[in-house]
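Naming follows writing order (A, B, C and D), and every chain is counted from residue 1.
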Amino acid sequence: MARLRLATVWLGGCSGCHMSFLDLDEFLMDLADRVDVVYSPVVDAKEYPEGVDLVLVEGAVANEDNLAMIRRVRERTRILVSFGDCAVTGNVTALRNPIGGSDGVLRRSFVEQTDRDPQIPFAPGVLPVLLDRVTPVHSVVSVDLYLPGCPPPAPRIRAVLEQLLDGRPARLAGREIKFG
Amino acid sequence: MEKNELVSLVEAERASRRPVQVRVCTASACLASRSREVAGRLRSAAGRAGMVDRVDVREVGCLRLCSAGPLVKVEPEGVLYERVGVEQADSIVGAIGGGRAEARIGDPSGPFFARQLPMVLENSGVVEPERIESYLAAGGYGQLDRVLRELTPEEVVEAITRSGLRGRGGAGYPSGLKWATVAKMPPGRKFVICNADEGDPGAFMDRSVLESDPQRVLEGMAIAGYAVGAEQGYVYLRGEHPLTIHRLRLAIDQARRLGVLGSGIFDSRFNFRIDLRIGAGAYVCGEETALMASIEGRRGTPQPRPPYPAQSGLWGSPTLINNVETLANIPAILREGAERFARIGTASSKGTKVFALAGNVCRSGLVEVPMGTSLRTIVEEIGGGAPEGRSIKAVQTGGPSGGCIPASQLDTPVDYESLKALGSIMGSGGMIVMDDRADMVDVARYFMEFCRDESCGKCIPCRAGTVQLHRMLVRIRDGQATRDELHRLERLCEMVKHASLCGLGQAAPSPVLSTLRFFREEYESRLTGG
Amino acid sequence: MSVHTLRIDEKDVSARAGQTILEAASENGISIPTLCHLEGLSNVGACRLCLVEVAVVGGGTRLAAACVTAAAEEMVIQTDTDRLREYRKMIVELLFAERNHVCSVCVANNHCELQEMAVSQGVDHVRYDYLEPRCDVDLSHPRFGLDHNRCILCTRCVRACDEVEGAHTWDVSGRGTLSRVVTDLNAPWGASETCTSCGKCVMACPTGALFHQSSTVSEMIHERTRLSFLVDAREKKQWHA
Amino acid sequence: MNAPTKAVGQDEAGSGSHPSGDDRFARIDEAMRRHRFEQDALIEVLHAAQEHFGYLRADLLQYIAHGLKLPPSRVHGVATFYHLFTLTPRGKHTCVVCTGTACYVRGVERLLAAIESETGAVPGRTTPDGRITLEVARCVGACGIAPVVVFDGNAEGSQTAESALDRIRKWNDHGEE
């Protein structure tokens, strides 16, 4: 049986979901036996490849890079998992939304809340442009499975991966779907 | 006032009439076109022409063809003038008794009037709404007088039941059954409420009835009070309509002064008092439990039913709530007899129905037709079809709780069941004609915005559901929604319809569902991929 | 006192006259989801989560809110059908979309009825737009705080204050989705002239909208059963543990 | 918040100047007395207060709560539930655009947009200079002559963007009248 091509993606989030993923401890060894990690913040791959079987997407869609990335990910991936509350609900990343569009947020952060040298950062091509609103992943592309939690506890991640590795349609139920 | 004094008052009123009556419409739409100034000029013109002994200028209620106002009608000649300007007063007075005025002459025997059957509106445009004498001289309060002398309360309820009258406020609940329920509650404090909180956008029937013939509604309420054993009535009026408030307040004062309301009415042992309660701008207060909360001075949020108001209503007492048109039917039913009334209309919908015909239609105004008249007769014959040679696309009935009936279904008779079968409702009688330019998705969006803004916020499906439905409709209209979103819209409509606490929320999805049913391609053609 | 027999979820149960479907179900170990209901307070039938299907004569069912519908003789009730599950899920999603419920940073995280409701109704994501209203946080009261971001307008605080404490400090202002709970004339809570600082509203709150000022993320544990304790003590002279 | 002025009870009925120094409070007293200080009369009393003061100031709400012995939050809840009550001052002129169905079908949304862009007014608000309060009504019930705009209380039918703007410009032209 061909090895599963696994990717993990980090959009607008704190990387806590990835930390929780690393908390899978010895299961990571089992996983290494059964999958090729083709793209992830923890591996050295510059470009998101074609033909990915499964991706865990951490973080909300917060800037234009995130937006381009998630669209590419969707195109090139069979099963897309919204991984953690930021991806599923917007969560902390989306806390800025009620403040207003990107201008309001930048002004609040870099002008109003700054004591020295207030200025709005502007570096085209270096700093990605913020979107006016942070959105969960499923409001931009279709999502196959939701894995909530902030972060999702390692056993919950493992449960999903095991189901998917066994070729079963993954399903979370009961307490496994709790936000927060 | 003693009864014989009333009789002589009526006689004096009749004797004061001059041979020619010039009736000037002073209902809302004509007033907005300065009809009161027209009346003043007509009076002074009659003075200048030395005709004060022969000509009466009377400020009457709605002459019905609102789109051609200000309207003036000269009786007994039966000449109708349209769009009368103040400068035409002399000419109109000059034409009395023969001759032709320099004014636009309407056709009182044309299709707008000929296809109508005024019963609720029989006094509209005839009596003077601000003078009770005028109503009395037209036989007003005769039925209250007779009922108190000749009928037991049970017999009155019986007559209303036999007439087959159904509530004109929306749902069409049998009025006799409602009356009987309240009547059968143990004696004690009971109330009659006239629901005049006509809030549907595009509806002005009840308002016109109250502005044209307010005493008739008060008489209906008093008869209802006698029948169910109530001594106190409330009229719950919209605060948005100062003219209606003014006329009703005046009407109640006059009726009280003459003793046709108050203690020992017509020398009987029956007491009945009516007070006004003025709403303050909340559509949801048309819902009866919200209306009662508002009368009690609280936020107009609906309560779960049961208990129904008939069992436990205002301040926990049995309460009869009828709408304006329902109550305005009562004197006519008792005068003509239940059987004659029941011969008008269809098997299940008896009598007439007043509609407020408006929108993209040549002749708009107040229309009263027998139940069972086809929509086509109303919009094409009476209304004259769409203006500028356009075609009719849909007719909206029932306001935000109703639906859009496509032109292909115009032969549908207007009765409670037929309209319901088309996913609309009779509602209180708003009827808006839409021509081929109408964007049905936007129509649905328009009504959803209304419901969103008028949701009281108590129950979640209505409060939060209408907000989401509105956003979805905007996206669909603007071509930004996927098929998946259309599916979500339909599921959410189902939930809001079935899970909401009161009629506002339950009916909020109706305009969406009915446009989806008849104009689905307008939704589908705008969907984007996905 | 008369007793009705009825059927709830294929189980024959009895109910005293005047009991609601919710009470009858609960006494028989059948749980129906609720949010605006709280033991010890009046019922308002507002959250619609307790809708159940009641069989009607001639076939089909009608929906009735179990908290305000009296149990009646020979009623046949289903509390957990596909349709009800679908509606309940939508209702919970609508609530999450309406205000800013960020469980991970909420004082009531892991002690929240809304969060639990999402779990029990299988809400793993929200299909509707997050409305993201700008909401105030009122920290003017020396002991308590009010975070409108978390309020679901269940009005349990309003009823607890009115019915149990008797102060009627709280009410609802505005309407529709712009409704807000307010103290007095919408003055800061700390400036309220009617508030007795009894904390019953805080006890009653299902979410992190009302909280003790000292609590940080996940620390706010409401004592919701204390209200029924007080009511029973006052009305029945029973001080149950 | 200022302590509420004491409501005049039945025993103090009289038409002299009001203890608060503002005789308009006597009109509120009158409305409360007419309803025998019954709590059910709250909406009627709020109508009276708004009629005489133009809008419902916080001290009026406090005064009414005190007079009817109602909790302040309930008075606030009622005053904010109903559209016709306003807790902020109105402009010198009011322009109420009917957005009922007949007016909608006859294109009132374009008319409203024209008024908004010309005056900078937002429905439900008063312009910052305090001149014009723009409002939308859900239906003023004069559908036969749609579209309808109510200028300072006078309903005018068959309006166009031009005719409505003409009316509004006249307000501005006539300065401080």
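Rule of thumb we're sticking to: a contact is a pair of C-beta atoms (placed from the backbone, for glycine too) under 8 Å apart; a residue touches a chain by one contact, two chains touch by 3 or more.
For clarity, every value in this text was computed on a predicted model and none was experimentally measured.
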item	value
C-D compared against B-D, more contacting pairs	B-D
Rounded Å distance between chain A and chain B, as computed from the means of their C-alpha atoms	58
Interchain centroid distance [CA atoms averaged], chain C/chain D, Å	35
Mean-CA-position distance for chain D and chain B (Å)	26
Rounded Å distance, chain A centre to chain C centre (Cα mean)	34
Residue numbers of chain C (touch at least two other chains)	129, 172, 174-175
Touching two or more other chains - residue numbers and ranges from chain A	none
Per-residue multi-chain contacts in chain B, two or more chains	282, 299, 453-454, 456
Interchain contacts (touch definition) - all pairs	A-C, B-C, B-D, C-D
In the complex, chain C residues that touch chain D	162, 167-175, 182-187, 191, 193-194
For the chain B and chain C complex, residues of the former touching the latter	282, 299, 303-304, 306, 452-461, 463-468, 471, 488, 491-492, 495, 498-501
List of chain C residues in touch with chain B within their complex	44-48, 51, 63, 65, 68-70, 86-87, 90-91, 94-95, 97-98, 127-129, 131, 152-153, 172, 174-179
Interfacial residue positions of chain C with respect to chain A in the complex	96, 100, 102-106, 109-110, 115, 118-119, 122-126, 129-130, 132-135
Residues on chain A engaged by chain C in the complex (per definition of touch)	82, 85, 88-92, 94-95, 97-99, 133, 136, 138-139, 143, 146, 148, 150, 172-175, 177-180
